[in-house]
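The same chain A turns up in both complexes below, where it pairs with chain B and then with chain C.
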Partner chain A sequence: MEYFIQQLFTALGYGSALAVLAAGYTMTFGIIGLVNFAHGEVFMIGALAAYFIIQVAMLPFWAGIIAALAGSVIIALMIERVAFKPVRGVGMITLFITSLGASTVLRNTTILLFNDRLKKFPRPNFLEGAYKLGNLFIYKRIVFVVLITILICIMLVFLVKKTKIGIAMRSISYNINIAQTLGINTEMVIIIVFMISASLAGISGLFWGILFGSVQASMGALPVVYAFIASILGGVGNVLGAIIGGYIIAIGSSLLVAYLPLDLVGFKPLFAWVIFFALLIIKPSGLFRANIK
Partner chain B sequence: MIAKPILEVKEVIAGYGKMSVLNNISIRVNQGEVVTLLGSNGVGKSTTLKTILGQTDIKQGEIIYKGINLLALKTYAIAALGISYCPEGRQIFGNLTIKENLISGAYLIKSKQKFNENLEQVYNLFPILKERKNQLSTSLSGGEQEMLSIARALMGSPDLLLLDEPSLGLAPKLVDLISEIIRNINETGVSILLIEQNAKLALDNANYGYLMRKGAIALEGTAEELLKTDRVKDIYLGIGKV
Partner chain C sequence: MTSYKELNRPIKYIIGLVFLLAILYLFDSFLNGFWLMLVLMFGVNVILAISLTITNGWIGFFSIGHGGIMLAGAYAAAFFTVPPSLKRDILDLNLPSFMLDVQISFFPALLIGGIIGTIFGVFLVLPALRLRGFYFCTGTLGFNIIMATIAENLPNVTNGAMGLREFPAYSNIWWVWGIAIVVIYISIRLKKSYIGRAFIAIGKDQDLAEHMGINLLKYKTIAFAISSFFAALGGVLWVHLILNLFPNAFGLILVFEVVTMIVIGGMGSITGAVIGAAIITFFAEVLSPFEEGFYLMGIEVPSLLGLTTVLSGVLLIVVLIFKREGIMGEKEISLNNLRNLLKRKQSEGKIL
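Showing the complex of A and B:
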């Protein structure tokens, strides 16, 4: 039992990183039907930006947070400008292909420039160590990322459900032409959504560094697939659903590994795919109400 | 006295991509008037409204609203000048509640007080929307959805309302109600450009009318004149010889 709870708790950290990544993913997915595989590279750029500021430039942790946010937002706006805006409205498949292109170019350019070795991500002192509760280790870093995730979740749900801009976002996701006739500056709203989505990817990248202690140029490749599955799981465009979806995938795959025999741990990624295919067969609309038609 | 125009569409040729749907259209809506655009299916009535809103490709001509040329403006900027649109087939946001649909219509209203006034006004006009404000908009019946669509357009305090087929698919009793609502809205000083298949409903409420045929204006005149013309019925049904 203790083993189970310990595994569950540890998975909450990984789950928070996926949840925040998926929340950003589902927002751009919902508003312009974008299946964005370059989101993983936005996540990676955020993590690497923080790494360079904290580890290489030896600046304080808060400067790393700013670097992660700024790096992610700038790269996401560049991707939007180059890869998405010119083909918007042509269809989901085209957007998906240009996102794959942007992802490949960014990942490989980063590998060429900085190689793909693991880079040590320094954790600030206040996140080192653990509290001990009976035989359980409550790691400070996990408590930290879970609390931040809850805070982000509350802010996002409030933004999408209660504010005028949130209502504008949802109306655009349903019918962009009609939204325009109501005076909604759809271009501006879409850019805002991209910025929020990128900030979330940057925060997720920071979480990754804090949790695992290292970052690398190819780190975005797998998490972005999980973020995609999590956003389908939660209902496209549904922020809270994506967050829950992220936790389900992380907890499920961690527990799977915890109980599999040692020589089968390579099956960890299997969980997300099993969930994905089961979902496509049983309930393709996701567990929660999607925000688009 | 010559009435002051709020909207003038001048010799416009427009369509989608290379295809032209509108072939040299000129329409004038005077301040405070109801003007109707008649014609059978597929003659370009809805395209005319979309062209005014900047959602088609205009090849020639100009559209002047309150002295401003709309041609270079984006749709949302055109809406910001005080033009509201109530599209054919309701087109309410099915993923939003009734209240949220109304908030989306008031996107441009910055003052909280003005917003509450407008909300009060549409709730008075359509009490059913107030009763069910927190329900998903798709839970409404067809007629109620039409009311929501009109209410959403009114939330933006328009000076000019573009109404596309408000009576489409509604029961006769509701058609009378829509007619009454159009008059009510017009009495508050809103100019209306009304598209209707139901020629009687349209001409009963309009000051002036245009009859479209194959993307062009076939006939125009005051509502009384048009009602008297035999040709209206003929052309309207698409069987007349123009």
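Showing the complex of A and C:
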């Protein structure tokens, strides 16, 4: 039982990183139907920006947070301007292919510039160490990450439900043409959604660095696929659903590794895909209601 | 003297075939090193691009999971072409010794690889029956990752992440371009036949095609079977050209490059697929020294691994933004079209 709780608790950290990533993913997915594979690269750029500010430029941790947010927002707006805006409205497949192209270009350029080796991400002192509760280790970094995730979750739900911009987002996600007719500045709302989604990716990149202690140029490849599956699991465009979906995938695959015999541990990446195919066969609309709500 | 047009069909075919064989013979005897590799990679890429044209261009199911099919075909063929000593030493198979000692020639191995690839490819039809659009895309991406993960975790069959080596270098001009020409010929005939037109109808509007009396299950299965047979052939040829095989050999990056080829050339056009394959292969081979790094007049050019992928990604985005239908669109270049074009221009008085 203790083993189970320990595994569950450790998975919560990884789950938070995925959940925040998926929350950002599902917003652009819901609002313009964009299956954004470049989101993983936004996540990576955020983490690398924080790494360069903290480790290379020797600045304090808060400067790293600002760098992560700024870097990911700038790169996401660039991607939106160059790759998505010209082909918006053509069809989801075209958007999908351009996002795949943007993702490949960004990832390989980063590998060209900074190579693909693991880079040590410096953890600030107040996140080192653990509390001991019986035989359980409660790592400070995981507590921190989970608390921030809960805070983000509350803020996002408030944003989407109560604010004017949230209402505009919801109306665009139902029908972009009618929203435009009603006088909503759709371009501006879409850019704001991209900025929010990118800053969530940047935060998730920071979480990743804090949790695993290292970042690398190809780190975005797998999490983005899990974020996609999590956002389908939670209903497309449903922020709370995506966060829950992220936790389900992370906890599920961690427990799978904890209890599977050693020869089968390599099959860990398949867990998310099993969920994906099962979901599409049993309940393609996701666990919760779709559309931003 | 009779003109070319008045000759009957078999004679035309014989002339064309002799012409092609002569070109292949010239290539085989005079090319070597860089240019030989370029021509061989071009041939393999043509096969792969046509394979993706059938699913992505014609029936409109955008697959990025053909890497999994290539992997299955390549491993199946590899089992029969690697030297028995390798199988005995590295792989831990509890098979009777006659299975371990078998090493067959290239053609049956190619067929076995193709058939195994087809069997796996037909699995892709299952998601194609339910999923549409990008759900299908990501489903096939999942198929790709699942196949690579399985290959990595079956060390006694595939030697895990270490991969297989010591392949005999079977892929020469004759094999690669012989198969490429057959593939091009089959696909051209297919596009004009009832089956091919049924594929294109499904691609334009699936529901309408069903109402016109096209059996969706049947034609999707046929399309995926043909496409994955070609893809598996391409995979087997690729492996016997590169001479090693890893579980991640046919990952998303390779499929992405093939997708770039067909998007540049024009989705649904065989000529376009060939043109796209030519462009991307040329880029990849010309840039390959940069990827490894080299010395130019005493100055060290650093290794730029992944440069080709970056450039093909940029090319893909540029094409999608400025010329969405690609170079050829859905049209083909053929002798008849050229002759008609020439005649039209002549009657308009533009030429001669």
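In this section, the second predicted complex is superposed on the first by the 291 of 293 C-alpha atoms of A that agree within 3 Å, B and C clash if a C-alpha of one lies under 4 Å from a C-alpha of the other, contacts with A are read in each partner's own complex, and residues count from 1 in each chain.
The criterion applied here is as follows: a residue touches a chain if its C-beta (ideal position, glycine included) is under 8 Å from a C-beta of that chain, and two chains touch if they have at least 3 such contacts.
Because the structure is a prediction, the values reported are computed rather than measured.
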item	value
Chain B versus chain C as contact partner of A:277, first or second or both or neither	second
First, second, both or neither for A:159, with chain B first and chain C second	neither
Which of chain B and chain C A:269 touches, first, second, both or neither	second
In the superposition, chain B vs chain C on chain A residues touched	C
First, second, both or neither for A:8, with chain B first and chain C second	neither
Partner chain in contact with A:179 - chain B first, chain C second, else both or neither	first
Partner chain in contact with A:93 - chain B first, chain C second, else both or neither	second
Contacting residues of chain B [partner chain A, same complex]	53, 55, 74-76, 79-80, 84-85, 87, 91, 93-96, 100, 103-105, 107-108, 152, 156
Complex contact set, residues of chain A against chain B	164, 167-168, 170-171, 173-175, 177-187, 290-293
Parts of chain C lying in touch with chain A, wherever the complex brings them together	62, 64, 127, 130-131, 133-135, 137-139, 141-142, 145-146, 149-150, 152-153, 253, 256, 259-260, 263, 304-307, 309-310, 312-314, 316-317, 320-321, 324
Complex interface listing, chain A residues touching chain C	35, 82-83, 86-87, 90, 92-94, 96-98, 100-102, 104-105, 108-109, 111-112, 225, 228, 263-264, 266-267, 269-270, 273, 276-277, 280-281, 284
